[in-house]
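Each of the next two complexes has chain A plus one other chain: chain B in the first, chain C in the second.
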Partner chain A sequence: MKWRRLRTLMRREALATFRSPFTVSVLISVPLAALLIFGFVLSTEVKGLALGVFDADNSSASRRLVAELVAKETFIEKRYDTRGDLQLALVAGEISVGLVIPPGFDRDASGRGNTSPPQIQILYDGAEAPLAGNAEGFIRSLIARNVEVHRAPGADNSASRPISVVTRALFNPTLDGKPFMVAGTFGFVLSFLTVLLTAVSIVNEKITGTFEQLQVTPASGLEILLGKILPLGAIFTLDVVLMVLVAGFVLDVWPAGSAIFFVAVSAFYVQVSLALGVIISATSATAAEAVQKSVMFSIPLVQLSGFLFPIRNMPTLVQWIAEIFPATHYIRVTRAIYMRGDGPVALAPELGLLILFGVSLMVFALTRIEARA
Partner chain B sequence: MNAREGTAERASRFWTNIGAVAYKEASVIRHDKALLATVFAQPVMMLLLFGLALSNKPADVPWLVLDRSRTGASRALLQEIEHTGYFLRPRPVAGYGEGVALLKSGRALAFVVVPSSFRRDLESGQPQIQLLLDGADPLSAARIGAYIAQVAGAFNLRPLPSTNPDAQTVTRGPIDIRQQFWFNPTLADNRFFLVGLAGMLLTNLCLAATSLGLVAEREGGTYEQMLASPTTPLQLLLGKLLPYVGLNYAVMLMATLAAAVFFGIWPRGSWITLLIITFPFVLASLSIGVLVSTLARTSAQAVFITVFFILPSFVLSGSMLPYQFMPEGIREIGAAFPLRWYQIALRAITERGAGLTDISVPFLALAVIFVVTISLARLRMNPRLD
Partner chain C sequence: MSTAIIRAVGLTKRFGDFTAVDDLTIEVEAGTIFAFLGANGSGKSTTIRMLIGLLQPTGGSIEVDGIDVIHHARRVRDHIGYMGQKVSLYQGLSLRENVEFYAGLHGLEGQALTSRWSELSERFELRQAETEKAEDLPAGIRQRAGLALSTLHQPRVLFLDEPTAGVDIRNRGLFWELIQEEADSEVTVFVTTHFLEEVDYCDHVAFIDAGRLIADASPAELRQRYSEGYQVDLEAGPDDSAIIEPLAARTEQIDGGVRAWFPSLTPEVLGRLEVLSRERGVRASITQAPMTHVFRQLLMQAREAS
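Up next is the complex of A and B:
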């Protein structure tokens, strides 16, 4: 391997990349758009959900209950005059939650009635399962918190009170979805964009014939491989820095750990991912084939890497499959650095795996390039 | 007389031209093995993933327990938490510091601390437990917190073991909540995904097929050849899109049937409503593909634009996460994607058994998206060579 040859190859690659306005705009706009979109989509709080209310009691107690539920902007109240209307609205999808307060709620709540506790009925639109689950949790905790309010002053207090749970979330006290998604977005964007970009660029070179020209020069397979992935890797590292800055200044999400360590790990991961792109393109005859392979690769990338769905919730067999993707490990590392502030020591096992992936992928990519020569 | 014949002849030629282009396109599709593999492999893959593998519901949650009370009551509470089914067996820790360290290392998601005065407090009125969560996974943490709070909130409704065996078995609770989950009683996540599956598959198919197909044709020079033939650009476009409409319907029926047969999700509404709402959706998605093909100069560019349209449309439309969770602004962006409206309609028809009148809003929205994109595409399309 000659340094001078490698340098020429690298300069050529960097020039080719920056000369294409389309590639440059993809490199800038895709990471930024992904950050802004994904940063906001995941939320653990329900907001502005339509709550249908049929208040058959229409007393001060029932009105207070409804007022509490709508106080926090979680629900927007819609009143219905009959139970039938409420159910129709739920079926039509106009409301997500239906609350029925039966007559006698006030009487039971104040303890003036007999022994029965006050009762309410809540209907959820289970068609939006995740939404219904969160709304249920919200309503239950709200009603539990307001027990004191609804307990009549003179009522029997000897019954034990509900256990209050004092909750504290480490690393992320408000359970904000933003840092979780921002950290994951690095993994998603870098994995996908690198594979797609290398695959397309190499296949295009094959079509125009410049790849064959490279292969007949004295440059060795290793030089061709490094001449391809090192400059692209450097460009993607700039992308990482850009994303860190945008996430920090626009979304106010900064890594809890060392930003320099994070960029260093990302710079290495980008090389791993680029090697994968080289393999995909080396095994494809046409651009369309390379693209289809990259896209097929992106489906498990989004769904199995833990980017959107926790790996823990998957069946065991699928969990093993998920572990094969380098992206899974990189996403785990980014989240650990961004949220827990972990350093190299705590992350040693994951980093070791990434290095293992990187070396084996590069060796494989090398054999693919040399096989063609 | 002559003029009328001319009109009739022109009209019939209009349709034969479209038919000819459609026939040509259909045989191209039939021989495109890579496309066909995608068309058939993707639904199977997505069905397996969404039906069996993916869920937001916490499972096998590793958790830590520091039980300073060591009484029957504290053990009963911890057991009830474990019995919700979301948790593994709790791992006892010796001290607070050890628990926090384990939580910080990511080896557990939750840490429950029961104070030594728990039993006494339970009788005297202010029972409390402490819960520490790993906020690094906010979605799971929020749900785990809610489960534990539910168990704890319900705990006092039962008589305490051995306190007073003669006490009445049901103590008065604050408010008796009777709840029902309509349409999906177990709140299974896979139901949520599978109902929207057809929409995701069709989005992929429409965009990949049209945008790539049109650009490849331009690259290969066959587009120019067709322009030189007596077909007008409009006929060319319609003819090219027609076979894809058929392919889309085939995939839609396949996905819906598979979800029904393998996962028991039969549409509660009518199949005809499903077929009707699919039409404007397919048109809108195809027209976006056409627009992409007019914007992209090479097939590589078309792919980039397509992929980076497909992914946000999956996420922002509400197919994978409910769009109601998203903040204002992002929610409105999502409304520009045809998939948003299609998945609303799919959920309405499949889950709530909605009829035609119930889905008029999604229908109109899809029609508007179609008209706007196709007009934009027409503006961008330069029918002749420059």
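Up next is the complex of A and C:
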């Protein structure tokens, strides 16, 4: 590989990108529009959710728990006399989340006698999985914060036990909708745009004949690949910085962890995703085919990457399929940095997988570029 | 000893059950213009793509300028220039920026590039168009720019795939003059075309039909083999005609004279025509058999034989 040739390839790619008003407007407007839409409009913040309650204990402790849950206008309480009625209401869409308080809750919560830990059950509305997941997280955090309230006055601390919440999944326990959506939006926007722009860019070159011309110059496949993805990667990294700033100043959502680490990880992920675009392009005969493939890629990206729908709520087989999308791992990383403030050590397994995806996709993209039919 | 700069032996390309090129063997002498002709879908472009290393043959061997193209496709790229059916200029970039891009890929920069491009832009009449965006260039200029770019790094072999498609007659003529100038400076030119009259600009012609080579000779030899050769119309009386008729393959009477056909214009034929013209004042007009006729005959015979 020769640096001069690579520099020539990169310069042309950057010039072509910046001189296309459409590309520039897409690069700026799509990330920001997505950020604002997903941040403001599609926030999964829990407010005014219909909470169905079946209180089989009907004790002061259970009534206090429900009162606290509805006190902050997060939930609107709807009481049901039987568990069956509660489930019917869930299925009918009358409520988003169901709370079942079993008999003996008060006794178990206060730690009187030799009993099992106090337990409540949360039932999800599958159609509102993200919101229900958030609701569950909210209930958990509320219970954790207010466990003292449920102890009987003067009860022995060692005798009292934390309330056990039985649900299918725990999701977004902080229950803050904006960081969750903002962090996920990076994954969605970067995955979709990088693939779309690269796929169209190379296939257009194939149609106009410049790609064939490039293949008969001394430029190697690696130089052509890097000449394509490095400048685009740099442009998308600027996009990431822009998105971080807009999310911070407009939505007041800043990464809880290192912003530099976040940008560095994103810059690497962009290269991974661009390589995927190169593969789509190199295996497409027309721009229409490349766009169709990009769109087909974006559907599972939204549905299976965990961007909107919690992966843990999916059937096991689908969960395994979700794991093969690099976006799934990147979105986990972005949320971990934005919401938990995780660093490289905590994220090593996910980063390792992203590197594995990156190397595999680059090698495959290279073989496609160098392929002689 | 052969001075072939392009040598393909038993070249075959199959796409599934379809054989696009079938056991093709050709040799191209250095410094010549080699025309590769055939109808649409006959295998011309497939062949040229294999010769420049863009397509992996199913069988056979290819050597260009002494390099095994099948096993060392990248190594040959500094030795060849290529101009595809679509002139490969990047839209959005000016002609000058396109030049700098392709030159950069061949390691041509700074003063060396300035000097080389100055020479080419003068010769190819591109100076006025340097600052124009590629998409704004007229077809003729685009075509000349494409040729200039393919010769930028001074390759030893030029591969041109239907370079004059979509170009008007005046620009086609100008374009062929430039191709001949390249050949004069010892560049070997391998060119495909479907304009049969352009064959007369070339030193050697190969015809391909349904992937098989059906002829490989000079234009004159092909005319000799697949037509009655040269048609000579003489404004002459019977006595005058008698001087030339014994050498003709066939003659017939026409208004005011005689029409004779000669397989080739040998010195003896030319000598007698000169005698008729100079000593007896006989006017003669000589017409070559059109290449379309040659190609038709060639195809007919090839298909009858197969």
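Rule of thumb we're sticking to: the second predicted complex is superposed on the first by the 237 of 373 C-alpha atoms of A that agree within 3 Å, B and C clash if a C-alpha of one lies under 4 Å from a C-alpha of the other, contacts with A are read in each partner's own complex, and residues count from 1 in each chain.
The criterion applied here is as follows: a residue touches a chain if its C-beta (ideal position, glycine included) is under 8 Å from a C-beta of that chain, and two chains touch if they have at least 3 such contacts.
Nothing here was measured: the structure is a model prediction, and the numbers come from that model.
Shared-chain residue A:Leu32: touches no atom of chain B or chain C. Once the two complexes are overlaid on the shared chain, A:Met296 sits against chain B while remaining clear of chain C.
By the touch criterion stated above, A:Ala219 is placed in contact with chain C alone, chain B being left untouched.
Of the two partner chains placed by superposition, only chain B is touched by A:Met339; chain C is not. Legend: residue contacts after superposition of the two complexes on their common chain; A:Leu251 is shown touching neither chain B nor chain C. A simple residue count on chain A separates chain B from chain C, and the partner touching more is B.
In the superposition on chain A, contact of A:Leu15 is made with chain C only, not with chain B. After overlaying the two complexes on the shared chain, residue contacts for A:Ala234 are found with neither chain B nor chain C.
Residues of chain A that lie in the contact sets of both chain B and chain C are absent, per the superposition on chain A. Residues of chain C that touch chain A in their complex: 52-56, 73-74, 77-78, 80, 82, 84-93, 97, 100-102, 104-107, 109. Note for the complex: chain B touches chain A at residues 34, 38, 41-42, 45-46, 49, 52-61, 77, 100, 103-106, 122-123, 125-143, 145-146, 148-150, 152-157, 160, 171-185, 187-189, 191-192, 195, 208, 212, 216, 297-301, 303-304, 307-308, 311-312, 314-316, 320-322, 324-327, 329-330, 333, 344, 347-348, 350-354, 358. Looking at the complex, you find that chain A touches chain B at residues 22, 26, 30, 33, 37-38, 40-49, 90-93, 96, 109, 115-134, 136-137, 139-141, 143-144, 147, 150-151, 156-157, 159-173, 175-177, 180, 192, 196, 200, 204, 287-289, 291-292, 295-296, 298-300, 302-304, 308-310, 312-315, 318, 335-336, 339-340, 346. Residues 2, 4-5, 7-9, 11-12, 15-16, 19-20, 208-210, 212-220, 372-373 of chain A are the ones that touch chain C when the two sit in their complex.
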